[in-house]
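Can you read through this structure? Questions will come right after.
The letters A, B, C and D name the chains in turn, as written, and every chain counts its residues from 1.
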Amino acid sequence: MSDRVRTALGPLELPSPVLTAAGCGGTGRELAPFFDLGRLGAFTTTSVTAQPRAGRPTPRVAETPSGLLTAMGMPGPGIETFLERDLPWLVEQDVRTIVSLAGHSVEEFAELAHRLRGVPGVAAVEVNVACPNVADRGRMFARHPAAAAAAIRAVRDGTRPGTPVLAKLAPDATDIVTIALACVDAGADGLTLINTMEGMAIDTGTLRPALTGVSGGLSGPALRPVAVRCVYQVHAALPHTPIIGTGGVATGLDALELILAGASAVAVGTALFHDPLAVPRVLRELEEALAARRIERLADAVGLAHRPAGFVPPQVRPHEPEKERTP
Amino acid sequence: MSDRVRTALGPLELPSPVLTAAGCGGTGRELAPFFDLGRLGAFTTTSVTAQPRAGRPTPRVAETPSGLLTAMGMPGPGIETFLERDLPWLVEQDVRTIVSLAGHSVEEFAELAHRLRGVPGVAAVEVNVACPNVADRGRMFARHPAAAAAAIRAVRDGTRPGTPVLAKLAPDATDIVTIALACVDAGADGLTLINTMEGMAIDTGTLRPALTGVSGGLSGPALRPVAVRCVYQVHAALPHTPIIGTGGVATGLDALELILAGASAVAVGTALFHDPLAVPRVLRELEEALAARRIERLADAVGLAHRPAGFVPPQVRPHEPEKERTP
Amino acid sequence: MSDTPVQTSATVLTVRQVQDYHAMTLVAPAIAERFRPGQFVAAAVGGAHTARLVRRCFGVHEVKSDYGGTVEVVFADTEPGTGWLAGLRSRDQLDLVGPLGRPFRLPRDPVGCVLTGGGPGAASLFALADTLLRRGCKVHFVLAGPSARQVFGSRMAQRVGDTAAIVTEDGSVGEEGTLDDVLPRVLQETGADVVYGCGPTDLLRTITQIAGELGLPSQVSVEEFLQRTGACGTGLCMTCMLPVHGEDGVTRMVRACADGPVLRGDRVRWSDLGTIPFDALGAPRVLSVTEGGSR
Amino acid sequence: MSDTPVQTSATVLTVRQVQDYHAMTLVAPAIAERFRPGQFVAAAVGGAHTARLVRRCFGVHEVKSDYGGTVEVVFADTEPGTGWLAGLRSRDQLDLVGPLGRPFRLPRDPVGCVLTGGGPGAASLFALADTLLRRGCKVHFVLAGPSARQVFGSRMAQRVGDTAAIVTEDGSVGEEGTLDDVLPRVLQETGADVVYGCGPTDLLRTITQIAGELGLPSQVSVEEFLQRTGACGTGLCMTCMLPVHGEDGVTRMVRACADGPVLRGDRVRWSDLGTIPFDALGAPRVLSVTEGGSR
């Protein structure tokens, strides 16, 4: 990997800006046969829950135009097995790992952060606030600034100061900038934009919802324009907060689009299901695209689409790095 | 057209459930060479504004995966020319016409309704609340229940009681059901779901936003899962309010999907740009699909996907048809 | 690394009509060389500008060494994805990933094997038969289906197998009847030691049950379940989960693609497919409150 | 109704390489029969499962009566949409809408005409030349471009036209220079009565200016502008607007596709392309406050 593609998410330096998105790279073992995992900017885990969860019954997925609808129900082995079995394997392979956490209450988020604290091999913690909040009749944390902020604060408080905490937001909100501001204010060092968007498909054979979950999350290239918009709007408001752009990245030019909008790195999700070699290919294509545009360092491309915008939106400085607090 | 596909939007009976979506059928004259406009369930006009508007500079459109991004800036000849030149032509061709209105303030909505009152050939009035509200720093009416309701009330008050008023909502809201309830409460006789969703594309050649409007509205099949979800959620809450389903309809099965979710009619937008014969084709395919499923009347299919749902969401009765008020 | 899957651009060699099916032969040396019976390939459909992101999976009917290595798949073209495939012509390119999944476990000794199937899925049995025969096993085919259209390879089975029984519900080919009528008889007559199955889920369940009653092990490929539920075929997406109980008695949700598609029939909880059994590891204790799809 | 467009599934007859371009001949009788020079066809790209919703438009190079009626289009395959087209083979089907747009207005009398163009867009001029010649007009070609690659049809122009001048900036074919160097001379030498243009926007602007200086009418096809801005080609989407002033002196935003692509050169406000001139009908009086894209 050339220096051209080096990037950083705050203090976290990455040799490549192309990561896997949470929940889309399996445990890492499934991708390993296809390419050297060392070529990953980072591997993001499936959101880890406190308890083992089988998730929803099948069908959990439906194909939609240029997209996928999934309602997984947050399946996973639970943090104990994750720490015993999955994380050590990634550490062994020398894979930079971003651990995604999913809680169903603020307390659960705090507990997860606590369990993870000091565990070696955690490059960053991502907080999946697109989780149903049992304390709020199952509404997603990500839809309400205060709820999202509470989840972030719980994880930030429980995590070592040197370890970046990223807030992963969903686009199903009237104003994603407000939610982003609340999360950064609550201590998020960076943002991952975006999670899937709520959609639905009906099986025209059975005349019933195609997914057991009734509605599900829309991902894939269909979603990309929404991801670009969210990254652009949030970067305009928070130009100093690092962003991982996610949503429909399938080619190097897609990655470049998110970077120009303001992302410092991109995560590939659904494209992995279509093309297990997507990450190294996107990286190669991005490298070529930067070279063709004579952009010597990726950092020079971050947010470039904002310049020379006629109208400069109000800018907000990010919070200062927090001092360690007692958890 | 067979009886199988007859439908009704409250008091408005339509021989076919397949309409054109606002802003996507030109003035009607552009479609006429391709098929007999009598085969339209109804023609929905481009949103009519008080004054002539040239709209935004080009480029106004960008292609995205299975979608289109547009930022038009509400172009149109203004209501005066519309009433003199465009509507009479449609009336002459015997085309059932739904007139879409776009105001930038509650007063402008009231004025538009007033100008339209009593004009012959208006089958229904659609209120495009996805308009920037100048009184609210340009935020869309559609994003705030109270603002959307005010616009609807203004149009309902200014429109003859026999003429249905439809509220057309955009999906960029934390909870579309709340907005729909507010609109129905304010007098909407039906709902058109959904308008486009805010998205953005960046031109990887110029490194600048692809549209002069920076962000734009995402339409086309990419959006369909979101439209299905919105129709399903709103129909669950308001089972007696007629819904026109819009968003990514390109085939008869797409139309059926929205109908099963709860729509009594569907409107075809972006597909017309790809396929000017989309409306009669969708109608034919829908008719075949209903026949293949032994569904004798379209009404029997409306909302069918909700049955037998395990969980019945809280249901709200729609408002009673309003008595005539002085405008 | 020769047992790991690859992604490759395969060249279409021929597309032939076989009964109601299309048989497509593809030049894909890296896949042919790695392939073991029971594994499958996943094809990207719709071309370079496709809006369909889910790969379509196919069992491999035959592997040959011509042109460096070819694989043949068999499919009906009734649906959009396979309809597109059927339109490909010689010299076209097809993006393939494979071989994927766990293969059929092969007997160490030259024992008697019954290979049971129906539909295009039965195609996989012929690659298996080939390998078993080369190991000196006896191969007895039992092909079943509602009618002739749904039975692939009846003539081929007669040619290749030591014995071959065909049964259709309408008697349009072979005997009139169902698998229940034929399989126990064939198992008894041939004195087979193991039963292999590939076809519709109901068929697999019947196979498992009949084999179980006779105390025979069964190896079945849950292709149909995988097709209805999966999205990747590579084990990444976790959507193709089915309940399987392990030796420790604990039921776990496993992936049909990466932990299968070949599973021990007696381990699959056939009645609970499409559910999370309450006693499965990680099953919800109460129905959780969720707003739309939690992600 | 024979002047109204149709939607049709055209069959690819041949795809040939012409210079750096592909020339594709399609069997499309209903389009061929209706076509008038200057009109275009709009092709759906990417196949049945395509994620690309915008049709790609092409001027028609030649119409023939073979096979009931064929149309030929010419394109470079540098971009995704045309790249897909270039991969089509004989007997493939292509979904076409056409003929679309307003044609070149033809002179009533057999006058002298200069046909000016550059790039693949110049293809449209050959169908025009054919019609003009059959009406007894004199046809003088002037083809211009940065280098030989960007000049389509130079040899054909020499064969077909009464005269033909070729000019490239690097002299790789024809004279070295620009249109400014050549067009005024050709107009004077030939005593032409009208100028037709088709090619890049800058070229059209130059043509209009030079024609205007000599008091000649110009008819230009704004294909390039339409390609960069439009989404439908049929006049429905209202995205391809450009400012044109009418006889009444009022500037209106008109559609490049349905009100063009052929426009009177002197009516187009070339400097204001891509803007809404402040004096255009319906121009915003103040920049309106909008949140994102108003729809």
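To be clear about the criterion, contacts are C-beta pairs under 8 Å (C-beta built on N, C-alpha and C of every residue); 3 or more make two chains touch, one makes a residue touch a chain.
Computed from a predicted structure; not experimentally measured.
Participant: For subunit B and subunit D, which third chains touch each of them?
Facilitator: Intersection of subunit B and subunit D contact lists gives A, C.
Participant: From the centre of subunit A, which other chain's Cα mean sits the farthest off?
Facilitator: Centroid comparison gives D as the farthest chain from subunit A.
Participant: Could you work out how far the Cα centre of subunit A sits from that of subunit D, in whole Å?
Facilitator: Taking the average C-alpha coordinate of subunit A and of subunit D, the gap between them is 46 Å.
Participant: Give, as an integer number of Å, the spacing between the C-alpha centres of subunit C and subunit A.
Facilitator: Once rounded, the distance between the two centres reads 35 Å.
Participant: At what distance in angstrom does the C-alpha mean of subunit B lie from that of subunit A?
Facilitator: So the centre of subunit A lies 34 Å away from the centre of subunit B.
Participant: Could you check subunit C for residues that touch two or more other chains and list them?
Facilitator: Residues 51-52, 292 of subunit C each touch two or more of the other chains.
Participant: Which subunit B residues touch at least two other chains?
Facilitator: Touching at least two other chains: 65-67, 69, 198, 214-215, 220-221, 229.
Participant: Classify the inter-chain contact topology: is it line, ring, star, complete, or other?
Facilitator: Graph shape, chains as nodes and touching pairs as edges: complete.
Participant: Okay, in this complex, where on subunit C does subunit B touch?
Facilitator: So the residues of subunit C touching subunit B come out as 51, 292.
Participant: Would you pull the subunit C residues touching subunit A in the complex into a rising list?
Facilitator: That would be residues 1, 4-7, 44, 51-55, 97, 228-232, 234-242, 253, 258, 273-276, 280-284, 288-295 of subunit C.
Participant: Using the touch definition up top, name the residues of subunit B that touch subunit C in the complex.
Facilitator: My answer: residues 65-66, 221, 229.
Participant: Across the complex, what residues on subunit B touch subunit A?
Facilitator: 64-67, 69, 143-144, 172-175, 197-202, 204, 207-209, 214-215, 218, 220-226, 228-229, 232-233, 248, 253, 256-257, 260-261, 289, 293, 301, 304-305, 309
Participant: What residues on subunit A touch subunit C, complex-wise?
Facilitator: 23-26, 30-31, 33-34, 46-47, 51-61, 63, 65-78, 104, 128, 130-132, 134, 137-140, 170, 195-196, 198, 211, 213-217, 220-221, 270-277
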